[in-house]
């Protein structure tokens, strides 16, 4: 049983706010992250998969395949996008790093299963000081 | 003669586009950076000042003072902001890293002079792969 | 169930030694880390908390609150301090990275509980080559 | 129960290929990593050991001892070497990061036991974008 | 006058040796870098160009164009290659970081001129501890 | 003409203060850096030398020799030391990063000349946010 992790990156705009809150209440709860004119981040994503080494290749998975899946199902939807406005799997959700990490997990679960490995962890850095990890635990 | 550099960071949204271009021409010239719904970055700023060591303190400048100037004149205007919409010194300019570095230089020139040092360089990282340097050269 | 991590930093002096050892025995056991005139480090601290996402905010915890707790209970006591001499929760303990990580855990456990999350891990880097992790396991 | 991690680095050449495959099949399966003229990496290795803090020293293990073990059993065999050709514990194995991490685990298991700690994890970075973790799990 | 820098990376094998030296003399002069079975590195390349900001775009150069030139003229020739054996512009030269940086400068000079900017600096990291800079100075 | 840079690191204690100031005046001028019980840092030092590539070796200088000089003349004097108390070339000087960089330059100038290269720059990081550069300019 081994774990392999692939790093990918995307740059996106977002805003933390609730439509049912006034601007001043959003400011109180979410601080400057609620700016109605948006702000953005260079997000760094680490995707960890788990499984057994294939004796024929020495690989758990081919990293080229893993990278392509992450790009197709996650990066292309998020990179240079507005997370609140343009990302299908974040519609109706608060654009927090927590929800984004869970959303990315849900996007990747099935295609990584089909690759023959198990998705183990999604780790998402918003800045060098903050990151979220989701392991699919209830 | 010595050089001292202070790192500060800000997270902002922006968009590369010209109002006199159609969306399709903006896409052609600026690529995905022209997305009308914005995207964003964790910008990293290095400000280098130059001068002589004060024998009374061993300092070129007090880094606390330098950091406060950078925060007052630059970071507070940019952090969690939309560069195209909300930043006074970028009004009417293309929000490229080049123009942003020059704008930051112009903001910092006078207050750093008043601190008793000379602004030597503004270095601005947009991502880990791209950065701009401006030394005030014509 | 999700995990969120906050990075904070502090710069401190310390020394590894036992009062009941001679200087030469301290040198033998602790090497140059036993220097009676002290040395120091830029410590980097990662605090991971665990819990459920609050549907009202999209947050596990507000990172501003988490950062304030870490600063109040840990950073203000350690930053620009002498760990052996000035830090209440390290009194009478060897100032190793291991003991420091455990001490930080004990400082943070209660206030993080009161924030509505569970402290999951304290990770403490002494240098880029060495770090300790403590998860509260007996 | 505490965890301590030591980082070490080595630079090595390798090639991903099977002798029973043609060059074109190797290229198809392993891509440019199959180049018959070799390529190489700056590998970064993190070795995590687990155990209890010794009250006499404040240490789980003396990091100098841990570093010496990693250097003797792993780094000296790999640094500035060709992994396929010169490394005894990789003979007959595909030189993938997965197999290399498992090989390093097997080299370190016994000497770290003898140090009085338990080997917990081997983490091996091939590039800044890819790393493997092995915890000795079947 | 502004400077913009693009980072690119490549992984390659090499060996430091002279054909007219014996193996033992090569070992004496070049140390473990002379290993006849090769070793390798993750090289990190920073290419800095200099010029004026185009008022029509806010760019010195389009970074996509700059990246394509670096990839076409440098990375494709070096990545997953053996520098001594397979790289046309290094034929007959000692595969030191110094010579490699100069070779990269010579490859990039003309195509970057044609892009409308001036090549200012090639910076090449062999490891995190060593890098070379070449500015085209005689 | 080429430039080569070697990174070395040291961990040291220091304090910013003047003996002719009261504790309260030291606190006012130097802030928490004046703590009488010391604090410390992981300093990172980059030493850049300049010269011509030796056609016989492809080297400007042998990095092993450069590293040994930096270790003999600088690192051994500073690592795990108290900069104010134990470092001969800092005696009677304020232990600021500026003065330390100049002191390191003066230590390295002659031995690097004797190596057949010219010392070009000393760059010294005190933290990830602050660094000083000294080029020997009056």
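Chains: A, B, C, D, E and F, in written order; residue numbering restarts at 1 for each.
Heads up, the rule we're going with is that contacts are C-beta pairs under 8 Å (C-beta built on N, C-alpha and C of every residue); 3 or more make two chains touch, one makes a residue touch a chain.
Predicted model only: the values in this text are computed from it and were never measured.
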Path length in steps (a step moves to a chain that is touched) from subunit B to subunit E: 1
Lowest number of touching-chain links that must be crossed from subunit A to subunit D: 1
Mutual neighbours - chains that touch subunit B and subunit F alike: E
Centre-to-centre distance between subunit E and subunit D (centres being mean Cα positions), rounded to whole Å: 28
Intercentroid distance (Cα basis), subunit C paired with subunit B, Å: 34
Residue numbers of subunit D (touch at least two other chains): 128
Chain-to-chain touches, reported pairwise for every pair that qualifies: A-B, A-C, A-D, B-E, B-F, C-D, C-F, D-E, E-F
Subunit A residues within the subunit B interface of the complex: 9, 11-14, 32-33, 35, 37-42, 79-82, 85-86, 127-128
Interface residues, subunit C side, partner subunit A - complex: 1-8, 48, 53, 56-60, 63-64
Residue numbers on subunit C that touch subunit D, as the complex places them: 16, 18, 29-31, 93-99, 101-102, 128-135, 137-138
